[in-house]
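Structure first, then comments.
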Amino acid sequence: MLKNKKLITLLCATFALVLFAVACGSDDSDDASLLEEVQDRDSVRCGVRDALAGFAVLGADGSYSGFDVEFCRVVAAGVLGDANKVEFIPLETADRFTALQSGEVDVLIRNTTWTATRDGQEGANFLFTTFYDGQGFIVPADSGITSLEGLQDATICVAQGTTTELNLNAVFSARGINFTPAFFDTNTALQEAYEGGQCESYTGDASSLATYKFTSERDGGPAQYVIPEVISKEPLGPVVADGDTAWAQAVNWSIMATVQAWEFGLNSGNINSYSGDDPNVLNFLGAIDPSIEGLSTDFAVNVVSQVGNYQQIYARTLEPLGLPMAGSANRLWTDGGLLYTPPYR
Amino acid sequence: MSTTSRDDLRSSNLNPSSQGFTLWSDARTYRVAGQVIGVALVILLIWRLTNNLFSNLDRLNISRNFDFLTQPTNFAIAENWGFDTSLPRWRMLLIGLQNTILAAGGGIVLATILGTIVGIARLSSNWLVSKISTFYVETLRNIPPLVVIIFFSIAVFSSGPFPVFREATELKLPFSDSNWLILSNSRIGFPSFSAERNISAFWLLFAMTFLFAACMWAWRTVKSSKTGVPHRRVQWSLGVFVVLLVLWFFLLNGPYDWSWPSRTENGRRLASGFGTSAAYLSVTLAIAIYTASHIAEIVRGAILAIHKGQGEAATSLSLSSYQRYRFVILPQAFRRIIPNLINQYLNLTKNTSLAVAVGYAELASLTQTSIGNGAPAPQSILLMMCGYLGLSLIVSLIANVVNRSLRLKDR
Amino acid sequence: MSEVMSNGVMSEVMSAEALMPSKKLSARGWMRANLFNRWYNAVLTLILALVIAYLGFRSIRYLFWTAEWEPVRANLTLFMIGSFPRDEQWRVVVQLLLLAAAFGVIWGSMIGASRDRAAQSGSPFSAEPGWVALRRWWGLVLLLGVLLLAAWGILPLVLAFGCIALIFMLRRIAMRLASKVRIYAWFGGYVLLIASWQIVSGTGGSAWFWAAGLLAFWGIRTVRKKDLTPRLPLTLVAIVGGGAVAWAIYTFILNGLINFSGVGWDNWSGFHLNLIAATISIIAAFPLGLILALGRRSSLPAIRWLCVTYIELIRGVPLIGLLFIGNSLLGFFIDNDPFIDFFLDTPLSQISRAIVIMSLFTAAYLAEVIRGGLEATPRGQTEAGQSVGLSPWQITSRIVMPQTLRASIPAIVGQFISLLKDSSLLSIIAVSEILRVRASVHSQGAFTTLGTAETLVFIAFAFWAFAFTWSRESQRLEKHLGVGER
């Protein structure tokens, strides 16, 4: 009798489990915006790199710093009113979009190039470009190479799984330049291989080549030469998941505020003491409420006073690493650059 | 669970015919029910997870098919064996698999040789030799293989603090202008063979010679078992094989010639010879010397496990120490070594995947690159896993065959 | 596995080597016997001595003069705890102290227990002096010395010597406890271990789990004390009931009273994370490994095949491939599943996924280790259990398992070592463990090209110190437990 009971119980338990599993099989996905979730959580999860000099790097004090990191803080300041409410999540190149899709990060600010395929296939939504870059090549100065043609038959170090790799192949095969790639998963490995002479040249974003040249020469390394030719357009900016307009807008306007503030001549030092009467500036400072979901009327003040305007961010993070703003595309449109934001009214 | 024989006992006691059979009182029912439930639960779990996977992929608009395999690769790879970037991705993955096999093969050979030497050296009567081997084993065994690989890449094959070479070095043959080795941080050139003439004829003769040598082997074996003459089949068949091959080689006017390594004018590429990259050498050497430290322990353990009396008996027969090892200790140790050695070979094969960190174009690394350049992750990773699983199966299959053939000799 | 097997012979050699010095040779005689006993040995010795002298000179010159240790020195904290919030750093310090205390208590209790056993059987017993153990752990002591040199200052010195003093003080006290009181010492050690975990992670999340373990511990103990034969249902009730009660107490009472939030493991990094990830994974893998090992030897074919398939599938693929799955696919398997969402309110973090994968991976290897132990347990033991009419569960839990686990301990330690080494693979999936931290160090701008090999040497040394010490300990344990001896 006892055995009977046991068996019946077992069978019933299995049946219940099956039923439960089948019943749960119906998916009901909630369409709540990420914005609410971020506000509830009271912190922004920002996908970054952890080892790219100037853009995002883990410092000796255990905190992240760099250009991209500052923009993560900008988003937190805009959406949550506090630039420190960010959780930095270092991501590998190969799974940065997965992290975005699965909701592990709210926003990806990780030197990611805006391309049509990524916009389409990866379910990614690219926002305001924060940095205009292009792909270049660096060679040891004593190699005597001055043009891409000089790289015939060379071994070239390149970051794995990036647009850099595709550009390299497309441009070199179009020009009939024979080459051997050597690809690496981190920028550090790339640079170490190049230093060790495993490749004649290393290719990457012009910005990272410039910072590498600067720091390496400063530390007594051999002189480097960056080939002037740039083979691609690399607009880098924040990325959010597709199909969440509210969150995308909140992120986008927070970031654009840094450029707008620069255009108005506002920075973290003077934004709180602005005493002029320019209606555009006053609008920007909160005189009108554009009703962007998730952003308070004075979000721009929070952003600029806590993090700074674009110029300040740039000067703080990139210029010390030998990347002057002058001459690049990363200047205001009034100055011949590409930074142009929609008007604030 | 390990003690279910009691159930068997009970089921035979409760003989259905003698004691009014009920389904519920038979232990076999529980056995069947338990298994059905177990399997059902596992199937349910797998079904549920796959279901989730598919619905999530559909939700995110990620393709679930394998179409990407036929699309052009569009990125170049080193160690490419003439790979063109417009070829489809499955070709690229096959090259990755090929490179994995090359690294694993090289690693296995090197690790076995080094490991055996170190393992025996640890038991040397020379104090210095045994201490050095102990130092080697205790150091390498306790460092992550990934660290060893990166160390080789950045500190050995580089201009770092322990460089093997700084400038490209060409080592010349004596009295000749050809190099026998070219060493540089980006490329290493070895001599190889170049096919010259009468290739097919040579291989045909090769096959026939092989068959002939095999017949010779069989003949010697049969003769030995009939008459008791020492068979010496290795000497016989190998001798015949080598002599004939040399003969054919000269008769055919040298079908193959050496291709000595040389560099192109700009010095960046090998014009002849067999070239490989520093990445390949980093990976192969690093995993070989890492695995060798484990193999050394296996070899030493096996030798020690052989009863002391065996060695003493050999000594009392006044065998030399070489003979003692060759005829008494090693043949016995070998059988003990094999199963553990297989494990190490499997580990080594799997460890080649760490080449991801130094940019050697093997399967894992190419899969990562491919995913980064638009291939859907689920299918790519699935293919990669199948590749490694296949390799593991092949290695253990070969090893099992070897193991069985050895065991057959063991009365 | 192999690591483990090779350990088996090591103990034999140690004893063989131990015999050598007893012959008492003069220095000259010794050299004759061990270095120059044959002409070829003499030549070999001379050549090797020259090579060693040269290499030794080069390495010493490198280590002490030419090497650029500044990147290591300046980033020592980063290497050790990575991005752990610095204003919460005291938690790690307290954790160290608590671990030291737990270690001291448990060590002392172990010595006390074996002294009591010796007294019972009337054999002589002398506790090993503490400094002998320190000499045995010279790898770790060396690492500590290097760390102290690099972080020269009063605070680290006080902390290091404080920890050591704590260990030896508590060991001394625990050693002398009467056997009746010792059970409380064990218990205290357990509590200290949990506290050392909770002090970092805070009481949120996992606290009830440990408390449940505690209650289950007491439950099982009570059952045993009352001399009730432990049965599967009773044990299950103790564990599940204890867990439920603890969970209820935690959620409804404690959570309101104590609000001690901490730093969850998502924010742990550096070498701290390597050690923790390996420890958590081996603990988490244990139950599954046990089930798989039993299942593999089960007489039910379907169950056996399931277990064999799992074990062989996992053992046939590289860990890095599984980590890729964890990193890019695990989310797809569990996202938007209402059943799973009920338990998980946020997506699993990178570190959690990595630990899940490492546990699933280790379970397959542990299963093989435990199977080895099961096979080493004589069949007669099971039959003896059957002959006195014990149920299969009782035989497994009371007779087979204790012997199996005892025999498997050295192999499990070996598995832990290889897991610790494997934790360096997390760097490939962007988890900021120590090897990944190194990449950050060389991107900081200050050390782009400086000391790239030196940081790697340091990391290798850190892993070596732990792995070496643990492997020596496992050899000792093996000898101590008499594994492989019949």
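Labels for the chains are A, B and C, by order of writing; each one numbers its residues from 1.
Everything that follows uses one rule, which is that contacts are C-beta pairs under 8 Å (C-beta built on N, C-alpha and C of every residue); 3 or more make two chains touch, one makes a residue touch a chain.
Just so it is clear, the structure is predicted and the values come from calculations on it, not from any experiment.
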item	value
Identity of the chain that, by mean CA position, is farthest from chain A	B
Per-chain CA centroid nearest to the all-protein CA mean	C
Pair exhibiting more inter-chain C-beta contacts, B-C or A-B	B-C
Where chain A and chain B are represented by their mean Cα positions, the distance between them in whole Å	41
Chain B-chain C separation of Cα centroids, rounded to whole Å	30
Two or more partner chains touched - positions in chain B	34, 48, 55, 59, 150, 154, 160, 356-357, 368, 371, 377
Contacts with 2+ other chains: residues of chain C	324, 328, 331-332, 335-337, 428, 452
Touching two or more other chains - residues of chain A	21, 27, 29, 94-95, 98, 101, 185, 189, 192, 195
Of chain C, residues touching chain B in the complex	1-3, 5-6, 8-10, 12-13, 34-35, 37, 41, 44-45, 48-49, 52, 62, 66-67, 294-295, 297-303, 306, 313, 315-321, 324-325, 328-329, 331-337, 374, 382, 385-386, 392, 395-396, 400, 417, 421-422, 424-425, 427-428, 435, 452-454, 456-457, 459-460, 463-464, 467-468, 471
Residues on chain B engaged by chain A in the complex (per definition of touch)	24-25, 29-30, 33-34, 37, 40-41, 44, 48, 51, 55, 59-62, 74-78, 80, 85, 150, 153-154, 157-160, 166, 184-187, 264, 266, 268-269, 277-279, 356-359, 361, 365, 368-374, 377
Chain A residues touching chain B - in the complex, by the definition given at the top	3-4, 7, 10-11, 14, 17-18, 21, 25, 27, 29, 93-95, 98, 101, 117, 121, 123, 152-155, 157, 160-162, 165-166, 168-170, 172-173, 178-185, 189, 192-193, 195-200
Chain C partner contacts - residues on chain A that touch it in the complex	20-21, 24, 27-29, 50-54, 57-64, 88-92, 94-95, 98-99, 101-104, 185-189, 191-192, 195, 211-212, 215-216, 219, 221, 320-321
Sites on chain B touched by chain C in the complex	1-8, 31, 34-36, 38-39, 42, 48-49, 52-53, 55-57, 59, 125-129, 132, 138-139, 141-148, 150-151, 154-155, 160-162, 294, 297-298, 300-301, 304-305, 340, 343-344, 346-347, 350-351, 353-354, 356-357, 364, 367-368, 371, 377-378, 381, 384-385, 388-389, 392-393
